[in-house]
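Handing you a structure now.
Which chain is which? They are A, B, C, D and E, in the order written, and residues in each are numbered from 1.
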């Protein structure tokens, strides 16, 4: 049982509000991922939970106990630091074993745990090295190893995989997922900027947004299951942040809103969308959003000229100049070849269009993109 | 003009060979990306070029001049360190301006450059902070800013975006591409473990492989255009490293090889593949490779049971248990819903199959996946 | 019982002292332990004061400098009740020096006075007589220095002495002033007498030496520096204490056998030969647990028997006039007989009368002298100023008794 | 002493509402300082108080039990320290000595530290050699130098003459024009190793990747030194300077041995010792010791205020 | 990276210069200690007939070996004690912000501002009150008066330079404050520690005034006191040769100590700790 509950937590550095009004519960055994733009306070939030920073206001409960005044060591959490924070004078082995030594575990048990962690992190050959003689990725793995040997109630990971190569990243990611499953009731809080990681690992994503010096706005933009944030972003910030490349946005004017959808016009072209805009008067400014992968290229009433192409092997992204607006639309092309300068037909399928009002809040979508129980069951 | 040529370069730390037999030319104005598993020597290679480490053997030429004995400063390179290497006692502004001050640029010019870089890296509000009061991503951006204000002949980037969030990452990536284009003839060497970055930015990818203590093996596994490495991996190592999730491999036995392809059997099932295996005798062990996105799920003669699902919003990956081998195949599912436990029909299309011999070397592919001139033209 | 005896720092000097003490111990069946003190007399005094000031019984018998009786009188035992008149054998001037406010606080042990060493061989070479006045000495020194330098011996100086700002300069300057009949800075009644023309003349005479017959460095010379120059054969005259005699006549000395000794010159024909009185006394700590025994040891160590032994083995000058006629002693150190008059008439520094202020007086005096010597002040001004300072120290004049 | 420039190092987390977490951290801090405080109070508290008390009396070394309270007479009375010209000349001598010697030592120490920090084969040897002057007891080295600098049989004069640098021997420690600088020279010779060693330690702790970044940027070495090395080792340099200055302001042995009690070079400590020991004036001596203490406090406080402002100004 | 030959040359010239200046007086000390009699007053750099008689007389007259041992005990004791105490204090003062920290630092510094001679008599009473008079313990204790402020201040400075992430990592590992100080910080502070303790050791080694005042019996004598007590035939005669021999003997252990500490003095240890 290690539920973590943050109650109206605030944090300021000097006069600068960094986090405000954090209301969050991480259930026992849950895998929670923090994402958000660089500098929005993810590491700070993690450090608050770890007890490395004091909250400026609000309470943190772990297991129902208020831990605001509890030393980090007493909270039974392990943390992987974004900056590694390895002990430079100790070997890799000692770095990992150090935190165990005072737990009275017995030499054999310590050795077993360290070697097991080293094995799964491909560090076995490096155990006798000191951090100074390791590569960036290797250091990061040592930092991860140091956390997992501890087997605590709560894991805090601050961008643990950011320096790893893709294949090791996938392996370590799977390893962490496996660890999470095997430890059963240990909660994990995980900061990442990698959407794939966030999507694949998270039971719950917490998207933070920067306060930019204002006070009073809650820091959390949206909390929910990954697919929920993907399919039902609560506002434009969430929509643009989740997904890579980012969602395309088109400024439009509401023409007509009904129970079965709306119509709006952008660049003189009328576009239908499956959203409920009945709360807005006709003529309101709205923003349409569509993800690159949802633009149906190859057929359709609209035309766009390819001005830039990005090849990613399996697929590519085309930057399309369209009459809909000044910013080019990014569309995903699978397999199909295109060249710069080509003009391609495309459509913006109404069910895939997101609609945001002038404040940036999303209008309710009419098409179903629910997180199915089956999808959830995998976690 | 700033061609970089490495001639048979070697590097060892003590007795440990880290890099061997590096034969590489980066043309003037080229964007070259180093990738490879963690610890394979990417940073070391970059540091060799920068002049921060001495080569153990071989020569490095920049602009036709042998620079082995030239101080880093004389090489006109700028570098972004994996560890940032910010000056802890200077503000962000000074960190960026410091390298310019001795160039006799004039205060106004320095200020202009620093502010321009800060603007494009979203650092403008942080100019007066010191590194200790920055988040991980902010520090990384400062490190990038410090390099770009210098406008040197050669840029060396060591994982410059690893701590940035997806949207900033894309923006900065585009910024770097723009910078590269605008600087015209400046060469860039860029270490990353992000395949998307590698694919989108690189004119040339250099894939390094770890020596694992052996000597004599060249460190470079393959050099070429991104799509070439994607479509025509020279061996199993390259095939498995490029692409994420990694290519699926299936052990098989060659049954028959002809000019128009081959047939082989795996798990008792006969599979045709479009590769030229006429050099191998029938009965040889081969390995088949297929990328998750090329497995045609939904139709076909084969059946697989879904044992794990990863949801990524737009698509998901299914882990399929098949009769072809013990390791599950990873297949990409677009849109379509599946649940754990479902049995799905699928096919392994012959033109997409890669075939490797017992040594892991790729057999010539018969299907065309060339890097088209049009595709190349975008860079 | 066990007595603790402090008789100097470890070295040849202490060994001689230990011999006698062990002799006593054997005779009386007691034990004597030796306490060492630093070689530097300032540090020695500081240490003793610290120890005695705390009432420590770690020392029973101690050696004290000739200028200390006034300073330490309060911590020392009156020896009168124990001496049974033994002090009468010693030079009266020293006994007077050691008597503070009617108490005999120390017994004379050995005596030191300033004396003039000269190079017999050089004087002979130039057929010159040993000078008797400072002016004569200056002339002789100049002549030999000039001639020798012309002959290529360009390191030779006429006269070396102790010009450093320290107690030694007080001794030197007191000799000059006294030899010109300029008094002893503070007279026996406690009156400050230093500001007088004779004293000024004396200092002027000395100031002229610096840079002419004496190297400039003499302003930072103590005994050993002077001896170093003289013993290397680089000086014609040297003012020093008796200890230099035996050292300079050891094997390996460049001037062995070439050195003559005479009284310090007079200040002009009307002047007198004046030599500052130095030397050491033995005293008993007031905090001694065995005062009687300690006094007995002290009396033995200062007895004629012990002094004779010391004179012969260590050329320590006895404080008992009778011993200067002892043939054994004269055989060992012929100069002792020659210089007897010097010892007998040595000028004591004004320490008895100034008591605990002696160091201040001396300090002011040597600083004034040093200023004159280094050319920073005119002698008359310096002395007038000194006079004022000393009078401020003791507005009512110095009074010996407490 | 100085508000830290190194942010990465600053432990200070300003927080408006002190949590009990922070309070317990502070409690721990006090517990950890306690042993040091207890020891210092024990060994320094009583003696210091006593000295200050004596400074208000007319105590004499001969008998410390007989004393009268005289108030501030020893300080500002007619014959008080503050009215004694000799005292003020000692103050001037000492300040001059301290400023010049500490400055020289810092500069030379930095140079030597940089030499020591350069990897080379002779480094080990050099490091041992450099420490020798500091290792020889002051009394001995002062005497040694007096000996060597003597104009009659001093080896330095002979060497300088044979090198043709001077044409006649100089009386380094007797000539009033030279003594002061001779003393400074010897002090510099003796204590430069102290500075060098501390600065070397500071240099060792500068992160090497900063240097690498500067090397790649082609920043000239002098600039690297002045803008990276120096600011990063500055805190250590300042502390070293404080301790050197404290020592220099109390300089005793060196001057005492080399020039005895000459007024020209008398330092405050020599003055104090003279009063306290040679002149027996415990009361007056204590007063001058206390004034010496105050002078040092003033000097250090001024110095720290100055460096703090400078460091914040950077 | 190969260095420019001119640079190398300059380096070696500088090294040679520093070596000569530092070592010449010591060399001359050695040379003097081998001279006898009148040779002492000659300016020859090396005696024509080196003799060890000064050393012989040194060890004959006094148990110099025992004095050396005393000095080692006193200095070693004082340094160990001050390091032990000051490392703790330095952590608190350097890494925890609490009210009164500045005042505390200044107080600690203030203690070392009084001239030693002025507090001598107070200390003397203290030593006697503690029953330590004429014991080496008295010297260990009183030497703390100058070693302790020094070590505290220097260590505070260096303590502050360590990255705060390290402390936090240790905090997360749940180690106690002592483990943190002694197992994490101490090894990282080795260069500073070595330098500080060496300097403090030498300070205590050369301490004279306390050693002279607080001990009296020969069994408790330290080397500087012993040197000051070397005398010649009379109180005026300075036994220069013997003193030089003694100085050589005092200095040699310190040089050995420096050589021993070599490795600790130079070790860039923080590499790889954190990024940024």
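Operating definition for what follows: a residue touches a chain if its C-beta (ideal position, glycine included) is under 8 Å from a C-beta of that chain, and two chains touch if they have at least 3 such contacts.
Everything numeric in this text was worked out from a predicted model, so none of it was measured.
Asker: Quickly list, by label, the chains bordering both chain B and chain E.
Answerer: Output, common partners of chain B and chain E: A, D.
Asker: Suppose you hop from chain A to any chain it touches, then on again the same way; how many hops at least until you reach chain C?
Answerer: Contact-graph shortest path, chain A to chain C, evaluates to 2.
Asker: By mean C-alpha coordinates, which chain is most distant from chain B?
Answerer: Following the centroid criterion, the farthest chain would be C.
Asker: Where's the contact count highest, between which chains?
Answerer: Of all chain pairs, the one joined by the most C-beta contacts is D-E.
Asker: Calculate how many whole Å lie between the centre of chain A and the centre of chain B, each centre taken as the average of the chain's C-alpha atoms.
Answerer: 23
Asker: When the centre of a chain is set as the mean of its C-alpha atoms, what distance in Å lies between chain A and chain D?
Answerer: A distance of 57 Å separates the two centres.
Asker: If you average the CA atoms of chain B and of chain C, how far apart do the two points sit, in angstrom?
Answerer: Centre separation, chain B to chain C: 93 Å.
Asker: Would you pick out the residues of chain C that each touch at least 2 other chains?
Answerer: 53, 228-229, 232
Asker: When you check chain A against every other chain, which residues touch at least two of them?
Answerer: Only 51, 71, 83, 133-134, 136 qualify.
Asker: In chain E, which residues are in touch with two or more of the other chains?
Answerer: Correct list: 41-42, 120-121, 125, 163, 228, 240, 270-271, 275-276.
Asker: Going by the contact rule at the top, pick out the chain E residues touching chain D in the complex.
Answerer: Going by the criterion above, the answer is residues 11-12, 14-15, 18-19, 21-23, 25-26, 28-29, 32, 41-43, 45, 85-86, 88-89, 91-99, 104-105, 107-123, 125-126, 141-142, 144-145, 148-150, 152-154, 156-158, 160-164, 167, 177, 191-192, 194-196, 198-199, 202, 205-206, 208, 224, 227-228, 240, 243-244, 246-247, 250-251, 254-255, 258-259, 262, 265-268, 270-271, 276.
Asker: Could you pull out which chain C residues touch chain E in their complex?
Answerer: 8-14, 35-41, 43, 47, 50-51, 53-54, 58, 223-224, 228-229, 231-232, 240-241, 243-244, 246-247, 250-254, 280, 314, 316
Asker: Please give the residue numbers of chain D that touch chain B in the complex, ascending.
Answerer: 5-10, 207, 209-210, 212-220, 223, 227-228, 231-232, 314
Asker: In their complex, what parts of chain A are in touch with chain E?
Answerer: Interface residues on chain A, with respect to chain E: 47, 50-52, 71-74, 77-79, 81, 83-89, 98-99, 102-103, 130-134, 136, 139, 146, 150.
Asker: Taking the complex as given, what residues does chain E use to touch chain A?
Answerer: Chain E reaches chain A through residues 163, 165-166, 168-176, 179, 183-184, 187-188, 269-276.
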